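One chain, chain A, links the two complexes that follow: it is found with chain B in the first and with chain C in the second.
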Partner chain A sequence: MPYGPEAEMTQPMDDENSKADLATVREQWVGIEFDWTTFEMSAPSMVAWAEACGETDPRFTDPNHHDFQAHPGFTTHCMSGRVFPKEFPQIGGGFGIDGGKRVEVHAPIRSGETLTATTTIADIFEKTGRSGTMIFIVQRMEFRNEADDLVSTVDWKMIKKAE
Partner chain B sequence: MTANRSLYRYFVSIDLNKMRLDLHTHSIKSDDGRAKVENYCKWIQKKQLALDGFVLTEHRQFDADSDYRHLEDEYGLVIMKASEVETDFGHVLVFGVNDDLLAAMDFTDIRLPIETVLDESRKAGAFAAPCHPGRKRVGLFAHYEDRGIVEGVDTVEVLNGGSIPGEDELSIEMAERLGYRGFGGSDSHVVSRIGFCATDFPNQQITDMGTLVDALYGGNFSAISMRPRSGD
Partner chain C sequence: MSVTQIAKFEDLEIGDDLPEESPDVSMPKVMAFCQAAKHVFERFVDHEAARKEGFPAAIVPGIMSQGFLASMIHRWAPGCKILEIDTVFRGSLLVDSKITMTGAVTDTDEEALIVELDLAIIAEDGRTGVIGTARVQFER
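On to the complex of A and B.
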């Protein structure tokens, strides 16, 4: 089964019509959910992450603490199975670079939980700066616990050169 | 104007007849902004910055929804909303965005013709002025050599808190040569950079976007740099 729109947009864009193409890509792909996976939350990995961040608060570093939970940035290292949906068109040049992640914490993540993550294309936009015109593709992972409560949202920007 | 606001101004601005505003800031509403508006207010208060207020100029959009009046009252600051759009001659700040202007052009379009932005802003009663004009690729003057001078520009941001060495110098030099008026803005994306550059409006009280647009059309203002010296 395809994960999103197919047809002509599977072809690489060219510079001549990149503006129109990007608008079409945006219209067709923003909001498309394309990956589902699960992550087991283990105390050792939660502690390792917190310590690597320089965290000293025992809530994040001591599994015996009564309120032990994952560090707020913990979910940023949980990688989805695929970066783009199948059939996602080639936009911009090259492979792109990592534009960083932004995490929003909704509720504590506890050791022993299994989180379900769904991945969506959240946004596609262009902007121009000193380095020229860039295309930003925002991949959003939403993490839910076993009670189906949203616990974390991670937006990952990928940046590609537009010209 | 609340009593709280007047009192705060007494502490931060010696000259009560002068308004000092940072005309170019970004909050988390911008894709690359990392500053919450309340944290800007807290920073201004904590550092006792000589600012009477600031304008949020979010990238490629107008934030019609956010209401910061409670922060204005709590911190004694004027907080206004504008936009930074992208044109074929670089980035342009638009003050006084309204429904007419939003209907007239697509703020998300990074290839807006600058003439359209200037004309439509004027028609809608707004004020448009290129920002960081001395910056390569996204500054007005970077395009002048190849494409000529844009009619209708009379004001530019000559001091920008995000400029690298040489950019503001070029902005000032070209603005002087072309007879453009100059204003200042920090272009802050993080809290600690607000107020690096600002604009003084002598003998004027600016309390909302309407009075700011009038003041910008009036032309009685000047850019000021408040960048901290190294070691501060």
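On to the complex of A and C.
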């Protein structure tokens, strides 16, 4: 059983009513900030993460290295307080599956920093493939350090089956 | 052509393959990752519980597979900076199985010293578990 979609999704959806509904949801919710959370960056967690991922570069595994920093995807485990905004409409069926993560590294994350993450709905769209029509909801978390520098952006693609 | 390590940007070409790697997805390693990620769900760390959820066995967390790919890039190009890594979780990768990571150079920006990579992780039974891309910056 997959935890991501096995189908290759390439064809546009034909159902005009569903398109209109999704268009309304997009218009109302894309770009809305709905969660603000802080995360402490600790050296032991950063090292344990990097080592479990098979990392051998001391920049990521040795806290005494002059350029010690978090592994590129380290912020992907930082979950917002809410998955969706309060009163976000029910679209698609079930709880959804994790379709993937995109991480943008803007600057090194150092141990001891407290990051503040702001969460938004970045996009909502649909695709149709062999598994039928699926709805993609992209949750974006932007992480800033104490100097308010953007250090990491994580896009989480949640996939739900269209009803 | 597959090159073990790239010392500088000028040494690579579009079409180059990264050396294939088979990362350790044994249960102790996955458990260690889940604890570091505070992501300890039964489907990742308990084969029997995962089967009850409908999986063939415990599955490797998607974010761990992304981490494996990042580590492979760092070994191929020591000192490089990963600017972006984008992964699509297409199918399950099983804990205690053999998985294989591949990568290839698909584009280069000679002024910015940035390369684009295609990435994939293949499950033991030949299915593609993860596909992805990365943008990587080399030092001047």
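The definition used in the following text is that the second predicted complex is superposed on the first by the 145 of 163 C-alpha atoms of A that agree within 3 Å, B and C clash if a C-alpha of one lies under 4 Å from a C-alpha of the other, contacts with A are read in each partner's own complex, and residues count from 1 in each chain.
Definition applied: a contact is a pair of C-beta atoms (placed from the backbone, for glycine too) under 8 Å apart; a residue touches a chain by one contact, two chains touch by 3 or more.
For clarity, every value in this text was computed on a predicted model and none was experimentally measured.
Asks: For A:140, using the defined touch cut-off, is the partner it touches chain B, chain C, both, or neither? Pick first, second, both or neither.
Replies: neither
Asks: For A:161 in the superposed arrangement: first (chain B), second (chain C), both or neither?
Replies: neither
Asks: After superposition on the shared chain, which partner residues are touched by A:101: those of chain B (first), chain C (second), both, or neither?
Replies: A:101 sits against chain C, while chain B stays out of touch.
Asks: Which partner does A:76 contact after superposing on A: first (chain B), second (chain C), both, neither?
Replies: The answer is second: A:76 touches chain C but not chain B.
Asks: For A:110, decide between first (touching chain B), second (touching chain C), both and neither.
Replies: neither
Asks: Contacts for A:130 in the overlay, against chain B (first) and chain C (second): which applies, first, second, both or neither?
Replies: first
Asks: Kindly classify A:55 by the partners it touches after superposition: chain B alone (first), chain C alone (second), both, or neither?
Replies: second
Asks: By residue count, is chain A touched more by chain B or by chain C?
Replies: Here the partner covering more residues of chain A is C.
Asks: Which residues would you name on chain A as touching chain B in one complex and chain C in the other?
Replies: The overlap between the chain B and chain C interfaces on chain A comprises residues 157.
Asks: For chain B, which residues count as touching chain A in their complex?
Replies: 31, 59-60, 86, 91, 108, 110-111, 135-138
Asks: Under the stated contact criterion, what part of chain A meets chain B in this complex?
Replies: For chain A paired with chain B, touching residues are 19, 125-133, 136, 157.
Asks: Along chain A, where are the residues that touch chain C in the complex?
Replies: It comes out as residues 1-6, 45, 48-57, 60, 71-73, 76-77, 98-105, 157.
Asks: Given the complex with chain A, which residues does chain C contribute to the contact?
Replies: Chain C residues touching chain A: 21, 23-24, 29-30, 32-33, 35-39, 53-56, 59, 62-64, 66-68, 70-72, 74-75, 78, 81-92, 132.
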